[in-house]
Amino acid sequence: MPSTQRYGAGIWHFATYVDRYATDGYGDPRSVIDAIDLAGQVRDLSVVDLNYPFFGGSFTNEQVKEALDRNNLGVIGITPEIYTREFAKGAFTNPDPGVRRHAHELISEAADVVRYFGADYVKLWPGQDGWDYPFQVDHGALWKNSLDGVGLLASENPDLKFVIEYKPREPRVHMSFDSVSRTLLGIERIGLPNVGILLDFGHALFGGESPADSAQLAIDYGRLFGMDVNDNLRQWDDDMVAGTVHPIELFEFFYTLRKNNWEGVWQLDQFPFREDSVEAANHAIDFLKAADRGLDKLDFAAVQAAQDRHDALGALALAQQALFSSYE
Amino acid sequence: MPSTQRYGAGIWHFATYVDRYATDGYGDPRSVIDAIDLAGQVRDLSVVDLNYPFFGGSFTNEQVKEALDRNNLGVIGITPEIYTREFAKGAFTNPDPGVRRHAHELISEAADVVRYFGADYVKLWPGQDGWDYPFQVDHGALWKNSLDGVGLLASENPDLKFVIEYKPREPRVHMSFDSVSRTLLGIERIGLPNVGILLDFGHALFGGESPADSAQLAIDYGRLFGMDVNDNLRQWDDDMVAGTVHPIELFEFFYTLRKNNWEGVWQLDQFPFREDSVEAANHAIDFLKAADRGLDKLDFAAVQAAQDRHDALGALALAQQALFSSYE
Amino acid sequence: MPSTQRYGAGIWHFATYVDRYATDGYGDPRSVIDAIDLAGQVRDLSVVDLNYPFFGGSFTNEQVKEALDRNNLGVIGITPEIYTREFAKGAFTNPDPGVRRHAHELISEAADVVRYFGADYVKLWPGQDGWDYPFQVDHGALWKNSLDGVGLLASENPDLKFVIEYKPREPRVHMSFDSVSRTLLGIERIGLPNVGILLDFGHALFGGESPADSAQLAIDYGRLFGMDVNDNLRQWDDDMVAGTVHPIELFEFFYTLRKNNWEGVWQLDQFPFREDSVEAANHAIDFLKAADRGLDKLDFAAVQAAQDRHDALGALALAQQALFSSYE
Amino acid sequence: MPSTQRYGAGIWHFATYVDRYATDGYGDPRSVIDAIDLAGQVRDLSVVDLNYPFFGGSFTNEQVKEALDRNNLGVIGITPEIYTREFAKGAFTNPDPGVRRHAHELISEAADVVRYFGADYVKLWPGQDGWDYPFQVDHGALWKNSLDGVGLLASENPDLKFVIEYKPREPRVHMSFDSVSRTLLGIERIGLPNVGILLDFGHALFGGESPADSAQLAIDYGRLFGMDVNDNLRQWDDDMVAGTVHPIELFEFFYTLRKNNWEGVWQLDQFPFREDSVEAANHAIDFLKAADRGLDKLDFAAVQAAQDRHDALGALALAQQALFSSYE
């Protein structure tokens, strides 16, 4: 039986980037339409996550839809850009209430775009919400603002899902939604059914988590609404190509999803600064397919039995064999 | 008005240590009685936390009490040793139910010692509960066992407090109670009033947290039952002398406690492998007293106003001035 | 006797920044002239390091000099921008020999700018020279190209000094000149007298070095040609305000310089993304002046005696007292 | 043609361990003889590295040799224990000259043991030589003592090789021989032909190095005298089973060795605290054999061509395919 696993990617995977050094960019700017046309060249991509506002020009929903259609791509989520200049000191937690209101408006617009495209969720990545220095913020007030901001959106839009993508840091030295546990704690406090987690494999690694454990925890709270993968050296959000550094932990992550019958899209969140973006996506998806086949081959009962003994080497022998032999 | 701040220390501060290299120890072994007599030499120590069983010999509660009395020391907590050989694969989460039962018994005995000494809490530091390798454990089952183990104790001993001291890792490559958020999440799930957090400043730093933020969060959940301090390089639980590397963040930590009217003991959790333990305690307490005086001097309203603007440099200027000028 | 210590800053301290998220920048763009006029507002700044080409417009050396003169600023170094788009896969080590040649030409032009301004050195920060992935490069060839590139410049310009500023990583996942030792090893291999190190305090911290040790090592090789300071959390090149996180190690760094009679400029390399740049410079220089006064007060012989015993607490007591009591 | 690759292990792989928590040890103590008999049970082990003095009792060289012979094991190196209690403040750099002399005597005895067994080298791992606190040591003097200590031994024993195994830290907060570059810098300064590096894969990873790059650099200086492998999470010297976390970088490490025709023993330096030590060695060697076969299969010219373009994904596709398909 052929796999029915679907693959997705953040559309920024196909953009070009700037950073604080290469301020002229790692390539010529691309519009969202250019990026969609590149995404369409990837061998097995079904859906994309779109930044909002659409980048690289003034595009209507219809124009974007047309580009998606011609590339056979659907939309899984919309990511409002609440981390640009205006929000440099925070979106939900900005000290200026006017900026907080504007963040709310922008995300509300993004909610309408979700409705237009029939996407699964609004993705919230409040990367500028946090702090840089000791003594900079009143931590209690900051956290309260984080939760109030998300909670208001979720209560105003009960027909939609909101997913929070946590990350330890960058661009802030410390980000408020920094870990799976902190985010779940906040979500439980908000207490609404339509707020969940978008679990980024690399963010979990970077935060010292076991991504498999993070997935299990989010699932056990009924809050794993989405996920994406990439790789890094555990010290920064390098957004490298999935499977190139940590194949075994990535396999454990997928193992956990399947074991729990979690059947969502496997997405990519990669930043190929110096690589061809189509090749980078294909390279990752080749690995993901190997992982998918490896799971078909893996003896789940035997893994469980080894885990029941905390028998690391017994479980690993099964996992390494199943994964490696599935790579073509 | 003289400060009424009280200081404490884990009695292991005055022990000697082994590690995997200096297996012959960083000094001659000391009994708990030796350690108490050293603790008594520190200039301003009111209470100690005692490991249970008492180390270095067979001592009755009465013998230990006598040693404490002659040194004018009280007992703040009892730390059952649930991280020795028997528990190498976990105490609450050991794959062997017999070992889990034994952990329960040992901690139950420690609870009686808490009662004997009129101490504040049983301290749980399940340092061997966690995992080392990908695929080693069933993460859901492991976490459930962690919570069940603590919950049973708390429900059986409603007259006592249990505090969980989290840490990212060591001796396990990953420890189950790894962060303030994970621990609060677990405590909320347990749902009993007598389970709280013992917040170790260095563990928070090591885990990439802001210790001040961690304290505020635990306080906001009504779960900050105790704390201790030390220092490290943020990459390991070095248990160095408090104030020698991160004086400003340590000051922010104490600032947060005072702002919230948290009035417990300021404890030391240091491991002076190669230093004189009395001198190491005195050196740290000298810094803590400077921090205490610095808080008296600090303009809390001005700090709050700066924080309301997220004005890091404004708040820091006040804090640096108050702290540094208070060191004698 | 008033201190004769001079202070400097990279002119980028007064620019605005972009990163991969806030692609619209953390403020309106500023030209080098704008930045110089801001630098002139800092209370005690004598010299600046200038990026080349001059940013924010087309400016002649004469125009830049005029701006510097009206602000009483001299030039300590010129930093050719060998880390922009063209050099995304490296300057000295680019796989394309044409790009390597262009890097050479750009740096040669920068050398002429050094001559024009009578600056101390050409500063080389080959931040794009390195690798991201396992298997990406031939490590032997990459390192050879690094040394050949620097060596050629140094041999062609014997009248000038070239300083290499090493850093562990960013923007590459790994940078070739990654540490003080690697850089010294390379400089010794080049074997020319006019190549040295620009030691960035934060890069040393980030790399797990003790900056004081790094300074001593570079001095012992006669290669400490320049330095700058900032602060971070040891995990990334945060370029925060000096003295706000690691005051004691910063003081040890300055202690090492004075002990060795190293009498250069104390420079700032800070990136105040969200702070006022003049205030950020003033805040840091206030700390640096406290350190300078603290060194006047410190009993060097007593510190040396404690160090001869490896007596950490004895030496720290002297250092903490001297530093903290000098902050005004 | 069957592989002629030989495998080895530090004999401590088969010992039991203590740490600062499980002071009663992770198992019953074993003598060196017990450990040798366990090593003999590993499927493909040819040589071991022996701690000196022999642990777990009083054994003559002859008794040890007899145990080795009956297990068909040779000796590759002798590791004098210069990191026990006496050397807690350093071996080569101890502030007490009497301790430095004793370190010299102990290593000189170890040199005789090398001669007795016809081993390849004396292995120096000065894990206690370094510092813990800012201001603790005179960095110049410390480094000079490190080099003088090694240099004296090498000059007194020109018939033997001495290998230095560097590591960033542990048990000291910072170890003097902390990186491949620092160690090479020191070795070049010593200037003797019989001092080289024992490159530990995990120490390189832990130090933020690319182990492949470290190997290439040491080879280019003619100083790669030995190596061993294991795995970790890049944040500590976890000494986990090789290939379980970083298979691809481990493969790149072996690729670099073969490309340079480096034909020494592939050794294990693992600490199976909670695992069966024979199983842990077998598990690792199974992976090492897969890597060996993978190298046979790998198209070195194609990898080189990709690397000449800095084509990460091209090179990785070849490497992943060759490695994974070789695991049985």
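A, B, C and D are the chain letters, set down in written order, and residue numbers restart from 1 in every chain.
Everything that follows uses one rule, which is that a residue touches a chain if its C-beta (ideal position, glycine included) is under 8 Å from a C-beta of that chain, and two chains touch if they have at least 3 such contacts.
Keep in mind it's a predicted model, so treat the numbers as computed, not measured.
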{"item": "Pair joined by more contacting C-beta pairs (A-D or B-D)", "value": "B-D"}
{"item": "Whole-Å separation of chain centres (CA-atom averages), chain B against chain D", "value": "35"}
{"item": "Distance from the mean Cα position of chain D to that of chain A, given in whole angstrom", "value": "39"}
{"item": "Per-residue multi-chain contacts in chain C, two or more chains", "value": "89, 132-134, 169, 208, 233, 235, 241, 244-245, 248-249, 274, 310, 312-313, 316"}
{"item": "Chain contact graph, described as a line, ring, star, complete graph or other shape", "value": "complete"}
{"item": "Residue ranges of chain C touching chain D (in the complex, touch as defined)", "value": "89-90, 95, 131-141, 143, 168-169, 174, 178-179, 181-182, 184-185, 188, 207-210, 212-213, 216-217, 219-220, 248-249, 251-252, 255-256, 303-304, 306-313, 315-316, 318-319"}
{"item": "Contact set on chain D toward chain A in their complex", "value": "208, 233-235, 241, 243-249, 274-276, 279-280, 283, 287, 290, 310, 312-313, 316-317, 320-321, 323-325, 327-328"}
{"item": "Footprint of chain C on chain A - complex, ascending", "value": "17-27, 83-85, 88-89, 127-128, 132-134, 169-171, 173, 233, 235-236, 238, 240-241, 244-245, 271, 273-274"}
